[in-house]
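The structures come next, written out as structure tokens.
Across the two complexes that follow, chain A remains constant while its partner is chain B and subsequently chain C.
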Partner chain A sequence: MIVLTPLRKFTFPVNAECINPDVFQGKDTAEIANLTVFEGNKQKKLSELFKIQEDGAESPTITINGDVSEVRRIGVGMKNGEIVINGNVGMHLGEKMAGGKITVNGDACQWAGGSMKKGLIEIHGNAGDYLASPYRGSTAGMKGGKIVVDGDVGSDSGAYLHGGLIKIKGNNVGQFLGFHMSDGVIHVEKNASTRLGANMTGGKIIVSGYVEEVMPSFTIDSVKPKVKVDDTESVAGPFYVFLGDLAEKGTGKLFVSKANNPHLKTYEKFL
Partner chain B sequence: MSIVKSVTCPICGCLCDDIELTVENNEVVKVKNGCAICESKFIGYRGEHRIKTPLMRKNGKLVPVSMNEAVHAAAEVLANSTYPILYGWSSTSSEAQRVGVELTEEVGGIMDNTAVVCHGPSILGVQEVGIPTCTLGQIRHRADLIIYWGCDPWSAHPRHLERYTSFTEGRFEKSEWKAYMQKLKAQAGQKKMQSAMRIESGRTQLRPQTCSIPGMPQTMSKDGRKLIVIDVRKTMSAEMADYYIQVEPNKDYELMQALRVLVRDGELDVDKVAGVPVEYLKQVADALVNCEFGVIFFGMGLTQTAGKFRNVEVAISLVRDLNMRTKFSIMPMRGHFNVTGANVVSAWQTGYPYGVDFSLGYPRYNPGETTCMDVLLREENDASLVIAADPGANFPKKAIENMVKHPLIVIDPHMNATSMLGDIVFPSAFVGIEVEGTAYRMDHVPLPLKKVVEPPKGILSDEEILTKILAQVKLIKSKKTAKKAEA
Partner chain C sequence: MVELLIKNGFVFDPINGINGEKMDIAIKNGKIVEKVTRKAQLIDATGLTVMPGGVDIHTHIAGGEVNTGRIVRPEDHVKDVVSKTATTRSGTGYSIPSTFVTGYRYSKMGYTTVMNPSMAPLEAKHTHEELNDIPLLDKASYPLIGDWWFVLEYLRKGDLEGCARHVAWMMDITKGYAIKIVNPGGLESWGFGHNVHSIDDQVPNFCITPREIIVGLAKVNKMLNLPHSIHLHTNNLGLPGNYVTTLETMKALESVPYEGRPVGHITHLQFSSFGGDGWGNMKSAAEEISSYINAHNHMTFDMGQVIFTDTTTMTADGPFEFTLYQLSGHKWVNSDVETETSGGIIPFHYKKNNAVNATQWSIGLELALLIKDPWKMFMTTDHPNGGPFFAYPRILAWLMSKKAREATLKKCHKKAQKKSLLPSIDRELSLYELAIMTRAGQAKALGLKNKGHLGVGADADIAIYNINPETTDIARKYKSVRRAFKHAAYTIKDGQIVVKDGEVVGNVSGRTMWLDVQTAEPCRIDDEMRNKFKEYWTVEYDNYPVTDHYVKVKDPIIVKASV
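Right, the complex of A and B next:
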């Protein structure tokens, strides 16, 4: 097990794709110290930025103690192992990850878990914009795995979702949640913002709290007493069920709590 | 005295190339064909704010220095920086922009142009769904339905209507000018009648809401080209529209998505979208579907309001849907005269249109991560070069505060807000007046800019200044590598 501690506060962006259990596996501390990172446009060794310590455990686990909010691309494409970050972490955390687990005891920046395929990301603070969303212009969103965020989430999260589960427990969620999603589940335990599920063609978004408005391109389908989140969990309602997005001829489902959204009662005349 | 014909105007993205200038004693004395903004630039460019020599900040004050000293200092700053920003590029020639890309690559910085605070979201939208577009000539001759969404060409692109859209006499489409004049007369009569009715009823009506009554727009439909204006307020352009949709602020996305459903013959569960009755939207959707060739022009009202690039994306999706029923195009109303060129040059040289990061040695692009505004707000930069733009006047306070914390190099003809904050200031010649070059019109058509007068003595063009700095940076870098090799 490797413990990394930042030697100072970073002001320039640090690109550290090498902080990855797959890369660290089979290397001793000297080899790990020699791995290349970029601070701004200056190429450096990992040991110039981090104190690297090893403790006895065999598992390919990395612990980072301290604020690494300027360190980007940690755990990109990781297939197994575990990363624990005790502090805030920078952009592109666990992008395209295909297995393993990342735990953040702090906030995560934009594109956390972008396009991930498998594995688990737990963020105990807030997450930035584009959580689980793909790179600009790409339609390859998250395909599988699970992301749990205890705090708030920024805008455009879960865009182009193709599978997997995103659970959001915070009070604030940015707009365009689940944009153009085609499969998978997003569960918002509290309130959600506007433009929920815009352009979605499949999958489901469950909101247990308040929603200011539902996009005009959604049509009401029914009222359901409860809804399934995954194989092990279901949420009790009742929920208004909206179908959409009609502008994309979509059949995505939007479950919105009936009790917390009395202003959506006007839709009941179409039932 | 000499008359120079077919001069291209270096102001806005319209790049009108029919300007006639009268030049006397190396000064422009008369401007023909141009709009008010064009005239004020060609007549007023030699103002009192012109910088005459390179300046450097010494003991807190900008003092005149030699060109050599300034170039050396600027090159030192850039060559030794870790994460420099090279921002601006929109009011200069594509030739200078090309040198800029090489300089940015050499110093491993970020090259960003003014699109980042303007039509950058349009580019992101295009990258999501593509863009069906055409040249302005096509629109002039063939378009029979024009939509201006979130922009006011009457005020911001004054000759757009007259040269390319409604008021121009195209080969297959007639000018709407006559009809507009008739409409104005009819409206004046209507207003008189309304005021008579108000006096009669003893009530004063505060603001006539255009779309408050379903199916009753306060506009007169005309034969020929249709003009639709969608804006949050009734602008000058909206006054002459056939349909005017007053959308609630920040609700453009909902409106467009609803229009998409209507264009697909779908039904909506709501009565009003973004404050507009669905009945009225149905009429507009009919007009959209029944035209032969329509075009949407959009401005900051879409790109810089809630939703940003998603607004543009949905606008393009609407155009895509309309193309299943008729022919439709879409085009952003670009601001600076060569901001399109900045995108084109950057894309041609690096693969990406703006916000290109060379810090890892190869170009990377991810707006939000590599765009200069975000870098400034996260306080990651350690030096800046600003050319042909004035962020000092329009960036958020926090961004500018951070920009001036570190060395700031400015290349500009004027002593503007950014030059006053600069540490090293280079005076440059006006592109399109004192230097020739190439600029790209908003429809990506490259046009030549003319040199009509000589620049003041000792004043170089942006391209020449950048070339000098680049040569010096290369020299410093080669010395550094030689030292390393020795060690």
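Right, the complex of A and C next:
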């Protein structure tokens, strides 16, 4: 196992795609120390920014102790292994990840788990905007795997979601959750914000807490006593079920808790 | 000025009939000369292929729609970031590269002259500013004239001479090179949410048909003695069964006297050669189209080959882009450019496992191989509509090697494989024929007297490739030839070495060409015309023209018109 400790507080963004179990595999500490990273526009060696130690334990593969909120692209495209980050982490964490596990004991910045295909990301703090969303302009959203966030999540999260599961446990979620999603499940255990599921064409968004409004391009379908999140879990309701986004001829499903949203009662007359 | 001597290369210069002969090329002051002094810098081209610099007749590299394409596709740039080097600037690439990257990538493939085929007159200033920033290449731009209101009015009145003078004036105010016609009549209709569906449909408000626009402008082109013919994007482009319209268009142009020079150029022919009557049974009409072309000499064509990749479609054909949007559901841009034209942009991913896309790929190659005379059919992808231009070496490989075609075809959709004519075509193009399709033929069709050949007096635009035609069987070793075309051993622009071993080593600005058409009488510019500019355009008449200072390196070509 490799333990990385930042040697100082970084003032410039650091691009460290090499912090990845697949890259570290089969390399000794000297080789790892020689891997290249960019700090701002300067090319550097990993050892110039991090103290690199090895300890005997098998798992996790990489542990980062300290604040790496300026360090971007950790675990991009990783297929195996495990990364544990004890501190805050920068943008593009685990982007296009295809397997393995990342645990963050702190906050994550934008695009955590963007376009991921497989694997598990656990963020025990808050996550930034574009959680699980593809790069700007791209339609290649998350295809599979699971992301669990214990805290709040920023806006435009789960955009172009095409599979997998996102669980959000915090009190606040930004606007445009599940924008243009076509498949997959987003479960918000507490409250969600406006423009929920805009342009969605498929998949499910479940909100167990409060939602200020449902977009006018959604239509009420039914009231269901409970809803399935995945094969192992289902949430008890009752839930209002909305279909949409009709502006995209979508057949996505929006489940909104009946108990926590008395102001949506007006929809019942259309049932 | 530096003198250069390229020694001992295998020279392919189709305009002068030189087919792989070993000879020396002497260069002085940016021109090819008989001989040079002993002090000349020597390039040893022993065992290498020497060709004139590549000429691209149709590639969207600058202007309003290209730039809008860049804006809507950040994800296209992020996957292809180009760092700066000691001689080159940084940029981004893939389907819509930044200006500098465009220049570098063309030059790396041995290209020296490119033509930007669609410039809305209103956006001419912008286009020229972008062209100024594309290094290493000579460029020109074709203004979109086919749906320009004044032209439609002149043609309706049957005043061809007035129309000709007006077009001459337009070449000057837009700094344009040829008459570009896109979906004639269709773009004007698109302003009202309609389209035309054959060349005999009426254009709303103008009482004119696409046939009259095409034939009228072809005649105007003749009267003005413009170096290139009309450059035509046909009606019904990209729709199943459109080959009928294409055939009708070609037949309509038979009425214009041929006189030894082509009267029209149909661009990206692949997109105009669809058979069938719906997407379900869409098939190739390459046989029908090519048999007509083989029997007639009055037109030239380019391929518009499709490459299997994620690219961006952009054309002035707004209604067609709307159709594409309905098919793909992708993000899209669509616009109506005032009284002039329209425009649209949609990202598009051509996939092997899509029957329609794979058939399109096949149609492009079928056309190029079935049309017997390479002087009629040129290689393009309609960059970036069929695929980015730096995929050209892949197309060359398909053209020169049946093995390469088979390797790709067997990965295609089963339905497309079954319908494809490619297995029945054994033709494999030689380097001489490829030189025609990529430079000589294009230069000739464009009327560029100093380009596309290596005769004395020609511009010293030369490409040298690491191919030994004596020892290499290009049809079998297509992979190494493909590599050679991708990274030219040398590219020489205006007598200076700009690329060596596939890397950019020099910097030349490249000129912008335009036509200075001299008519006996000037174009009639009266108060009525000025008033129309005031009423219908956002830019007034006085501010409309592209003045000379917009063009960084000027290369006006004087044309004596016969009106």
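Here, the second predicted complex is superposed on the first by the 268 of 271 C-alpha atoms of A that agree within 3 Å, B and C clash if a C-alpha of one lies under 4 Å from a C-alpha of the other, contacts with A are read in each partner's own complex, and residues count from 1 in each chain.
As a working rule, contacts are C-beta pairs under 8 Å (C-beta built on N, C-alpha and C of every residue); 3 or more make two chains touch, one makes a residue touch a chain.
Keep in mind the model is a prediction, meaning the values are calculated, not measured.
Chemist: Taking chain A as the common reference, can chain B and chain C both be placed on it without clashing, or not? Answer clash or fit.
Modeler: In the arrangement built by aligning on chain A, the partners chain C and chain B clash.
Chemist: Contact-wise, after the overlay, does A:Pro134 reach chain B, chain C, both or neither (first, second, both, neither)?
Modeler: second
Chemist: With the two complexes superposed on chain A, say which partner A:Asn41 touches: chain B (first), chain C (second), both, or neither.
Modeler: In the superposition, A:Asn41 contacts chain B only.
Chemist: Which partner does A:Tyr267 reach: the first (chain B), the second (chain C), both, or neither?
Modeler: Only chain B; A:Tyr267 stays clear of chain C.
Chemist: Between chain B and chain C, which makes contact with more of the residues in chain A?
Modeler: The partner with more contacted residues on chain A is B.
Chemist: Can you tell which stretch of chain C bumps into chain B once we superpose, 20-28, 128-136, 290-298 or 326-334?
Modeler: Clashes with chain B appear only in stretch 326-334.
Chemist: What part of chain A is shared between its chain B contacts and its chain C contacts?
Modeler: After superposing on chain A, chain A residues 135-137 contact both chain B and chain C.
Chemist: What part of chain B is in contact with chain A in the complex they form?
Modeler: Within the complex, chain B touches chain A at residues 82-83, 107-109, 124, 127-128, 253-254, 257-258, 260-261, 264, 266-270, 273, 306-307, 310, 314, 317, 321, 358-361, 365-369, 378-380, 382.
Chemist: Would you pull the chain A residues touching chain C in the complex into a rising list?
Modeler: Going by the criterion above, the answer is residues 134-140.
Chemist: Give every residue of chain C touching chain A within the complex, in rising order.
Modeler: The contact residues of chain C facing chain A are 72-76, 78, 330-331.
Chemist: Under the definition above, what is the set of chain A residues touching chain B in their complex?
Modeler: 11-13, 15, 38-42, 70, 72, 91, 110, 129-130, 135-137, 156, 175-176, 179, 195, 198-199, 215-220, 245-247, 249, 267, 270
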